[in-house]
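A, B, C and D label the chains in the order they appear, each numbered from 1.
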Amino acid sequence: MKAAILKKPKEIIIKDIPEPEYGDNEILINIKEVGLCGSDVHYYNTGRIGDFIVEKPIILGHESSGIIAEVGKNVKGLKVGDRVTIEPGVPCYSCNYCKKGDYNLCPNIRFMATPPYDGAFVEYVAYDPNFVYKLPSNVSFTSGALIEPLSVGYSASKRAKIGPGDKVLILGSGPIAISILEITKTFGASRIYITDINDFRLEIAKKHGAYKTINIRKQDIFKELEDIKIDSVIEASGVESSIINSIKLVKPEGTVVWVGMGKDDIEIPYSKLTSKDLTVEGIFRYRNTYPSIISLLEEKKVNIEDIATHYFKLDEIDKAFNVANNPNADKMKIIIRI
Amino acid sequence: MKAAILKKPKEIIIKDIPEPEYGDNEILINIKEVGLCGSDVHYYNTGRIGDFIVEKPIILGHESSGIIAEVGKNVKGLKVGDRVTIEPGVPCYSCNYCKKGDYNLCPNIRFMATPPYDGAFVEYVAYDPNFVYKLPSNVSFTSGALIEPLSVGYSASKRAKIGPGDKVLILGSGPIAISILEITKTFGASRIYITDINDFRLEIAKKHGAYKTINIRKQDIFKELEDIKIDSVIEASGVESSIINSIKLVKPEGTVVWVGMGKDDIEIPYSKLTSKDLTVEGIFRYRNTYPSIISLLEEKKVNIEDIATHYFKLDEIDKAFNVANNPNADKMKIIIRI
Amino acid sequence: MKAAILKKPKEIIIKDIPEPEYGDNEILINIKEVGLCGSDVHYYNTGRIGDFIVEKPIILGHESSGIIAEVGKNVKGLKVGDRVTIEPGVPCYSCNYCKKGDYNLCPNIRFMATPPYDGAFVEYVAYDPNFVYKLPSNVSFTSGALIEPLSVGYSASKRAKIGPGDKVLILGSGPIAISILEITKTFGASRIYITDINDFRLEIAKKHGAYKTINIRKQDIFKELEDIKIDSVIEASGVESSIINSIKLVKPEGTVVWVGMGKDDIEIPYSKLTSKDLTVEGIFRYRNTYPSIISLLEEKKVNIEDIATHYFKLDEIDKAFNVANNPNADKMKIIIRI
Amino acid sequence: MKAAILKKPKEIIIKDIPEPEYGDNEILINIKEVGLCGSDVHYYNTGRIGDFIVEKPIILGHESSGIIAEVGKNVKGLKVGDRVTIEPGVPCYSCNYCKKGDYNLCPNIRFMATPPYDGAFVEYVAYDPNFVYKLPSNVSFTSGALIEPLSVGYSASKRAKIGPGDKVLILGSGPIAISILEITKTFGASRIYITDINDFRLEIAKKHGAYKTINIRKQDIFKELEDIKIDSVIEASGVESSIINSIKLVKPEGTVVWVGMGKDDIEIPYSKLTSKDLTVEGIFRYRNTYPSIISLLEEKKVNIEDIATHYFKLDEIDKAFNVANNPNADKMKIIIRI
């Protein structure tokens, strides 16, 4: 089968490798669509994210959907031909985090496309069926793959404690930010303000229901939000100035959620954070989100498919990374079709 | 000014009474629209609800909106001519419940149309401005009056712990149930099942976004909901069999919310409640809901105006109670226009 | 090895059976002490609890501690000779309840001494090491066995939302009630009121820190608690009148927790429950409690050992059930030493 | 009456001023004891804290207790001679924060000893009786005054989400830290680790039940806490390095609470905060804590009186500030007796 293998930074090759073996408790999935995530681009460009370092060739990609090709003999509830989405982390099941259901913090989790574990830019993947979910017939493979960023949105919105009638500010308008926006609406936010430096992206945010878009290159965000009581700010850009502003722009007693991957160390307005009685939530992945999001997609409470602005085949993956790295390209989500 | 005064059960008269005095810290409101609530009908029919007994003539009505006619000299933030809605309870501010913000439980609360306090079926009301809220220009007096039942819906949905993707069952399809339905959607419920014995009401529920309506006279609710994992049940009918069913129909670990006023004593399936690890929430009014609901109405996340099926003038209030008491009338919400 | 086998109601025999096989992922535990629980007595007397029916001979006992005798080859973190306590339910790990950490609701859980699963009145048990915990050297086998009822106490106290300074009422003074009392103190309750009809038990409650004991045969509980704002009531007797009183005795907005196994159907004061805005929590077992309780025992924040009033050997188990069934016996917890 | 008036930094004088008038809804309190708080010392030394600037002479002191000297004619529930403690902030009652019970964030709060409002280093204070609480006869004036720092401890412990069996790290061992320690115990912490650079203070922490004290001048805190899963860290020193360490020392998914007043801007390990999925809580004062703490003091669940190491008379207040400013003095809490 064909696989896209990152040999070293900026060098990705398409190679034939053997199909994976699948155990009695596993299924084999024929991957159909995989989203290109910012972390994939980061590994492609630099070979590392924080403490995770690409030390041997790796298959990237962790936002994926596909069709079940084979089913291990002990597996129940799934069958060959089922259209499915894959939750990309499989935890150990037995540590204290797992037993409490907080498996995103399992120290032994095997997370796709995070060294040393391979991901989904490949034709077939053997997987634990407990983390594979059937897609309703009206949910496309693209939407199925994007349940992964929507899960980040779900986790962020929940930690932001958003309730009906709240005013929410999302900083950044990339694919994660739009995923957050879509989910934030389902938590009842009545007005969602969103920022970026790119009008193409802000236009998409507007179509997805943002109450007001702010291009921070052209507009003064503090002036635009003057006198607005922002209940929660979700920072989804990872940009230092934006992380700092998140604390300044939220109302006293509000909640600030930091989703964006940023620099190791950042100087924050500490005394504002305490004198405003704020809660700050750092987000690491998500847990127990897939069934809820599938239900929201099925009932059309969430619409995400149209954020896919570019589709490439597996053997065009180089092009996909080039578009991703081109700051002048009008792009939102890039999908690899396999 | 004219007032509708309940002299004794079934006897309501329109009478001229003096306009109320308003203090330096109060405002005078010219009432425009008032919803007829089930509790008004109960007092009209029987002169009492539980421990609350009508012992002297009373003005009913507590779902109201109007225009500010006069403003006391110490009042800030409101002015003559403002279109407003009235939150019908004014608490004491100083008991422990009030200090914690749980003012719906204030033992000294003065609640409109609850003996001995008069309500809003009258031309002018003097009121505490802290519990009066401006209506956005795109929110009608009808919607403004119905923020009161929507508040019950907000409180019930919050206590039901509804989150995006949840499946919710609402028992009953009266005005409170539709208010709950509208708010439940804003909490992210992906599928809302709703019941009644009246197709006219179920039809309205359908228009308001119910996923499935069940006429329990014609359909077997246990069969209709077989294999459906209901995350939360909100009982809004007060009917004994329905209160019992709420415990049977929710999933293990689910939440049951009892909104409906029912009999003093009811035999419930106790061992089911414990062996399913359930949470049951009894709802008494609401608190701190008006600003959020006004924002939801302004942004059209909630639509309630069209549940008003009948409008009457103040001096037709007898007719209004007759319609309310007619079991064969196709009706949802009755509004008194003053 | 020797086992105590319940053949039919009131007929328990000591029999030699083969030692259990243990798998590569299991351990073999030499049971040392097992508490006799109310449910054991119920099965012994009647052969059933609710839907759980003893249809073939069963080994009872699920409050146990022991020493590891053998360790499967894949097991890590435990070794032969470790003193341990056993959490008596092993869930399926893969249902939605398990993935969320709410494994007490796993529909596939294998719970000791609940038909058809055998329990711990036996010399050796093969078990999943994920639900076996090492005992600190200063925690006895008796205390280790009693982490099970303490777990019910932990779950009840948490669901009761007890915080420092709260006034709590516990209805009943049996072993579960004393377990609740001990844990309730660690949640910060400043005053704990407790009831029973038995002075011997109330005396033990007093020694464990109850602020006030009430013998409801001799005292009028409503008079004794007049003007006391009880924040939470935990019902631990299962007696109908007590379940009804739990709703009457809690303050408005308070929490009522129902732990006690009671009749299938009970007539409750429904309108009080709603007009007081109450939360009622039905408790089914517990989850994720063992590590915390072990830490509390180790640091002597919880003391439970002295509630063991009677010890019997395995082949005296008939006597143990006789004492349990004797209403005139001064008893609290009965322990079987193996 | 005599008052201690801060005229400018480092210049405090004792002056005769008129007794305050008290309104019909107020009481007059004869102040007995007042704790000297770090913020008092800060105003004394520099004339400002953040945006709060001493622009005209001010009376400091906000941790106070006393005896009621006069009662306004509308006041109920309090009488002349009552021993009381004063909660030092009186909010506006009518903003949205107040209505929700979150009055610590009321923008119009009148907080004692925060410019421009006078405090309690004075013989008599006129006050709103809603924020004055009777002291039980077994609670001393010293303990009564120290309910204020205990309230910070209550708020911090609650926001830290401490539950029974948790391991907690408190950074710093000053009076606020010991107050946190005392309250943290009531939330059920099984092991409390605490740090300082001063052995005198660590010794007091030990006496108050700290499991382990760490002198960070002499010991390597990372080594001392190696392999310890700290559930919550409460930072109570305001020292930059300690604020940074709070994020490093907590377990993944843990909670960090920042109580200490620190520099305006601090460089924090941002990517650790997000990759560990942390919650950070900034604490600004407290709300609704006094009744609970009084109950805890009355039942001796909390002991705070013995942290008072120095007592001075009002006209010795200069000496009190000198001791507070002397880095070599062995001191914990300084109390002014009036």
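We adopt the following convention: contacts are C-beta pairs under 8 Å (C-beta built on N, C-alpha and C of every residue); 3 or more make two chains touch, one makes a residue touch a chain.
The structure presented is a predicted model; accordingly, all values stated were derived computationally and were not measured.
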{"item": "Any chain in contact with chain C as well as chain D", "value": "A, B"}
{"item": "Which of A-B and B-C has more C-beta pairs touching across its chains", "value": "B-C"}
{"item": "Rounded Å distance, chain B centre to chain C centre (Cα mean)", "value": "42"}
{"item": "Mean-CA-position distance for chain B and chain A (Å)", "value": "40"}
{"item": "Residue numbers of chain A (touch at least two other chains)", "value": "102, 291"}
{"item": "List of chain C residues in touch with chain B within their complex", "value": "50, 97, 102, 104-105, 159, 243, 252-253, 258-259, 261-285"}
{"item": "Residue ranges of chain C touching chain D (in the complex, touch as defined)", "value": "154, 157-158, 163-167, 183, 186-188, 190-191, 211, 291-296, 298-299, 301"}
{"item": "Chain C partner contacts - residues on chain A that touch it in the complex", "value": "93-94, 96, 98-103, 130, 288, 291"}
